[in-house]
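Paired with chain B in one complex and with chain C in the other, chain A is shared by the two complexes that follow.
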Partner chain A sequence: MGTYIIRRVLQMIPVLLGATFLIFAMVFALPGDPTDGKCGERPCSAAYIAEFKKEYNLNDNLLLRYAKYTGIWPQDRGGEQKFDGLLQGNLGKNYNGYKVAEDLQQRYPVTAKLALVAIVFEVVIGIAAGVLTGVRKGGFLDNLVLVSTLVVISIPIFVIGALGQYFLGVKLGWFPVTVGSNPTFYQLLLPGMVLGALSIAYVSRLTRTNLVENLRADYVRTAIAKGLTRRRAVGLHALRNSLIPVVTFIGFDFGGLLGGAIVTERIFNIQGVGSYIYRGINNRDGMAVVGAVTVLVLVYLIVNLIVDLLYGVLDPRISHD
Partner chain B sequence: MTEPAIEAVSEQKAVGALDARGDVGEARSLWSDAWRAMRKNPMFWISAGMIAVFILMSVWPSLFTNTDPAYAILERSRERPNSNAWFGRNIQGYDIYARCIYGARASILVGLMTTIAVVLVGGAIGVFAGYKGGWVDSLLSRIGDVFFAIPLLLGAIIILVSLPRTTNYWFIIIKVVLALMVLGWPSIARLMRSSVIQVKPNDYVQAARALGASPWRVIRSHILPNALAPVIVVSTINLGGYIAAEATLSFLGIGLQSPAISWGIDISAAIVGLRTTPHMLLYPSLFLSLAVLAFIMLGDVVRDALDPKNR
Partner chain C sequence: MTTTTREAKAHANPSAYVPEDGLLLDVEDLHVEFHTDDGIAKAINGVSFQVRQGETLAILGESGSGKSVTAQAIMGILDMPPAVIPEGKIRYCGQDLLTMDEEQRRRTRGPEISMIFQDALSSLNPVFPVGWQIAEMFREHRGLNKSDALAQAIRLMERVQIPAARERVKAYPHQFSGGMRQRIMIAMAIALDPAVLIADEPTTALDVTVQAQIMALLEELQAERQMGLILITHDLGVVADVADRIAVMYTGRLVETADILPLYANPAHPYTRGLLESIPRLDQKGQTLAAIGGLPPNLLRIPPGCPFNPRCRMAQDVCRTDLPALREIRPGRFSACHFAEEVIDD
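Our next item is the complex of A and B:
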């Protein structure tokens, strides 16, 4: 187990470096000058631009800049050469001079809460619907859930968001319409549902398919033959094994959830990472975008490692030694 | 032989089952089996019919409407559905019915072109990685992981913003396709790689190699036909997802832009009027959802038909 985790963590490093380099290269290829509009209604002075470019290493080529950003190459900090980058735990400053790490500290908890609400919805509603339909394949409930998941999958997330905001928020008044800067779980309930809507549909279909397949397996027949109740045979034996692909999906969908947060946070005015990245892209603030995405990719990789470790818990036949 | 017996034998011959000597009849491939199963499924005909209509709409929109979708009558802005404009008019006074018809082109083009590009690139990389194995496989898989770790929507936004700005319709479409392709290929590559690895150790592949067939021939005539099924299913379902992604990018103001006509643009312009003029939002969303639904349903049907366990 220990060696497995160490091996996986080591494997993460090249992926993380590759993904950050990709984002780094794309973000700094964005057209437009980051010093535009920095000095009010007049063009910036040459001295300011020179200082700005020096501060953010904009005079170097892409590879050297990336090396300095990751901290494997020293950069000029107040006259002395210092290793100061990702490896040293420094995400740098955004173009407004604020530390990216501090910005993210404010915004990540919000998005984390949002993602947590979405995942709880996915797991609770998705798996419950999957089990109810899988146990009675072909029944009325089964067809109802199949049709409604198809409908949810085919409506784009921003339409679901706008409809939910209007009907549940404005008309019925069950949920707050927009979310402030320091939201509670209750305020994030509706945005979380919207964000997780697509995944709920997939989770319930996946649970259903796998449960139907496993209910035909020999070990379920044995469990029923030896006198277990159907509830116990389904819940303990069949469901546990059927959850492996579902858990895989949830881990793999986590990235999509964080991407979808850009849309959801925009609709509900949530001050999370999604809106931070979106604003960073529009303001050509490369440092902010790269920093936020780096943390995002890292979170994604860790979540997937945890998912892989969960396999062993769900199915004792899978061992990581 | 009595009359009924002859009849029975001839019936058996007709369906290609056992003939009079008890030999097995004409061999049926996975694909012809799947086709037989699909033909009987009404869902297949419904989704295929819907897709055919949408494709016809995108190739030849004037077949469905005579109205110019770019002809705005500002004084009739936000008009409700009536006999003159079936779906009503939007804020700019455009005829919503005509815009829905003409908007199909952008979505269908993005969906089809992205799927083709993703299958070609992802499929080629997946086959290569799975067939070669060893360090080539590890390297390509890690590169795929790198792209996979970046969320599709997020990466697509960055790519679209960093590509040069243009107002040319085709360039914008190609930009969107490119952005979705760059981030979409790893999922197909992974799928292709795993099914190639499953097919490769089979006896018929080894026999072909032993007989001296070139790698290209082994891949083309022995591995690909047997490894393609999951890729086709997933890409059909993904096609619907790409159409939705295009609309989402337009909603964020990054994909297609006016004066181009697309469901995504119309939906995002109509969301402000959700409370007062819901018809402006309803019709473009309905068309978009039906298009996505058609492809997802088709994918589901094909998957069920290809899976022998479901029969």
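Our next item is the complex of A and C:
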């Protein structure tokens, strides 16, 4: 177990470097000059541009810039050559001069909160729908859920988001239409539901399929033959096995949701990581985008590792030794 | 188990008292049908037999003969639908299990009648420790707390001779060998001291030496607790040493029932004779092994007359038109063949 974790953590290093390099290369390949529009209606002065380019190493080639960004190559810091990058724990400053780490510190809790709301919806509604349809395969509810999940899966999230915002927010007034900078869980209910809608559909189908399959399993027959109630045979023996892949899916999905939800955050004006990245791309703010994505990749990798470890706990047949 | 403890138990559960004659299970004219898209498959067509205290009844037959369905009907674990029981009675200590409400019936599973399945690996839940699965019997039926139930589980694992039971109680099914897993199934089945134990091909998935050990264990437990044991198998060799009586099934009917030794010596039905002849024997080395030609009929279209007639070497016209009834041809010997007397004397 211990060696497994160490191996996985070591494997993260090349993945993290590769992912950050790719995003680094892509962001700086975007057309447009980051100094455009920095100085109001008129072009910036040559001195300002020179200073700006020096500050952000924009005169170097891509590889050298990346090496400086990751901190494996020294860069000029107030006249001194210093290693000052990711390896030193520095995400750098965005083009407005704010520290990316501080920006993320402010925005990450919002995204995490939103992800949590979405996951709770997935778990509660998705699994409940999956169980109810799984035990009564072919019934009215089964068909209803089947059709509605199909609808949800085939509609893009910006449509669901906009419709939800209009009907539940504007027309019915049940939920706030947009969300402020420090949202409460209540304000995040509607965005969370929209964000989780697709996964609710997947979770309910995954649960249903696995439950239907496991209900036919020999050990469920054994459970009945042991004189257990049907409730216990289905709700404990069959469900416990059916939830193994579901929990795995939810875990990975949570990792993905922690990466922010650009569309949902934009629709509901949520000041999370997703909208931060969106703004970064729009403003050609490479530092902001790369910094945020680096953190997201790291979070995703860690969540993945936790899910893999959890898998071994859920299914004793899987061993990490 | 002695009669006194059985009576003490009867006190606790008034539905279960063993009659004077020790008759535990009385199956009468049982029919089971499966309603499928292709039509009605008649899996069991009027089966009757009895099991007494301390008696071992072997039910013998090919795949699809209805022996497992019979067992599942007794246990009440058939999937209904598609299965339907249009006729018949299954009396346990005088009470018809088929007319009981589901809750009452559930309470008989485990403490009164219990069952061992063929494939212990798939029959045990892969995600729970074996001790937990045995202890579940005590927690759900007896209301024992976790640690007391686990202590009982360890006691049972020791009883079925699992080495280092105390250390292995928290292990999972996949961490045991096939024979040990079947011992765990047995421990679970005998946990609440059932009066009737049904073993559905308990040794089929095991290799030969382990088969013998498992059969010996079952025999020992049965003698110790005076259970009625129903042993379902397709293997004549497995039952020879253990069973008291044999019931041979074919297309959902009993074709012959007899005490074990007379049946082996003189089968009274061509099907039984065919089964006996198809056992490989060392003294017939080099000869072609006799086999029953053909396949069992499709249960959706059972032929008229005797269902065995298409495969029977002795079949006459009457066999193709009249269904032979199971009749007593010698004291204690029943056969469903028009020519049973000729077969038995052959």
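Heads up, the rule we're going with is that the second predicted complex is superposed on the first by the 311 of 321 C-alpha atoms of A that agree within 3 Å, B and C clash if a C-alpha of one lies under 4 Å from a C-alpha of the other, contacts with A are read in each partner's own complex, and residues count from 1 in each chain.
We take it that a residue touches a chain if its C-beta (ideal position, glycine included) is under 8 Å from a C-beta of that chain, and two chains touch if they have at least 3 such contacts.
Worth saying up front: this structure is predicted, and the values here are computed from it rather than measured.
Clash or fit: chain B against chain C, after overlaying the two structures on chain A?
Once chain A is superposed (C-alpha atoms), there is room for both chain B and chain C without a clash.
Draw lines from the C-alpha centre of chain A to the C-alpha centres of chain B and chain C: what angle do they form, to the nearest 10°?
70
In the overlaid three-chain picture, which partner chain does A:G312 touch, first (chain B) or second (chain C), both, or neither?
Touch partners of A:G312: none, neither chain B nor chain C.
Would you sort A:G18 into first (chain B), second (chain C), both or neither based on which partner it touches?
In the superposed model, A:G18 contacts chain B only, not chain C.
First (chain B), second (chain C), both or neither: which does A:G251 touch?
After superposition on chain A, A:G251 lies in contact with neither partner.
Would you sort A:L30 into first (chain B), second (chain C), both or neither based on which partner it touches?
A:L30 sits against chain B, while chain C stays out of touch.
So, does A:I281 touch the first partner chain B, the second partner chain C, both, or neither?
Only chain B is touched by A:I281; chain C is not.
Of the two partner chains, chain B (first) and chain C (second), which one does A:P109 touch, if any: first, second, both, or neither?
Neither chain B nor chain C is touched by A:P109.
Could you tell me if A:G71 is touching chain B, chain C, both of them or neither one (first, second, both, neither)?
neither
Could you let me know whether more residues of chain A are touched by chain B or by chain C?
When the residues of chain A touched by each partner are counted, B comes out ahead.
Contact-wise, after the overlay, does A:A223 reach chain B, chain C, both or neither (first, second, both, neither)?
In the superposition, A:A223 contacts chain C only.
Working from the superposed arrangement, determine the closest approach of chain B to chain C, counting only CA atoms, in whole Å.
So the smallest C-alpha to C-alpha spacing between these two chains is 11 Å.
Could you list which residues of chain A make contact with chain B in one structure and with chain C in the other?
In chain A, nothing is touched by chain B and also by chain C.
So in the complex, the part of chain A that touches chain C is made up of which residues?
217-219, 221-229, 232, 237, 240-241, 244, 314-317
Please give the residue numbers of chain C that touch chain A in the complex, ascending.
75, 77, 106-111, 114-115, 117, 119, 122-128, 136-137, 140-141, 172, 174, 185, 188
For chain B, which residues count as touching chain A in their complex?
142-143, 145-155, 157-159, 161-162, 164-165, 240, 244, 247-248, 251-252, 264, 267-268, 271, 274-275, 281, 285, 288-290, 292-293, 296-297, 309
Hey, which residues of chain A end up touching chain B in the complex?
On the chain A side, the touching residues are 14-16, 18-19, 22-23, 26-27, 29-31, 150-151, 153-159, 162-163, 166, 170, 213, 255-256, 258-260, 262-263, 266, 277-278, 281-282, 289, 293, 296-297, 300-301.
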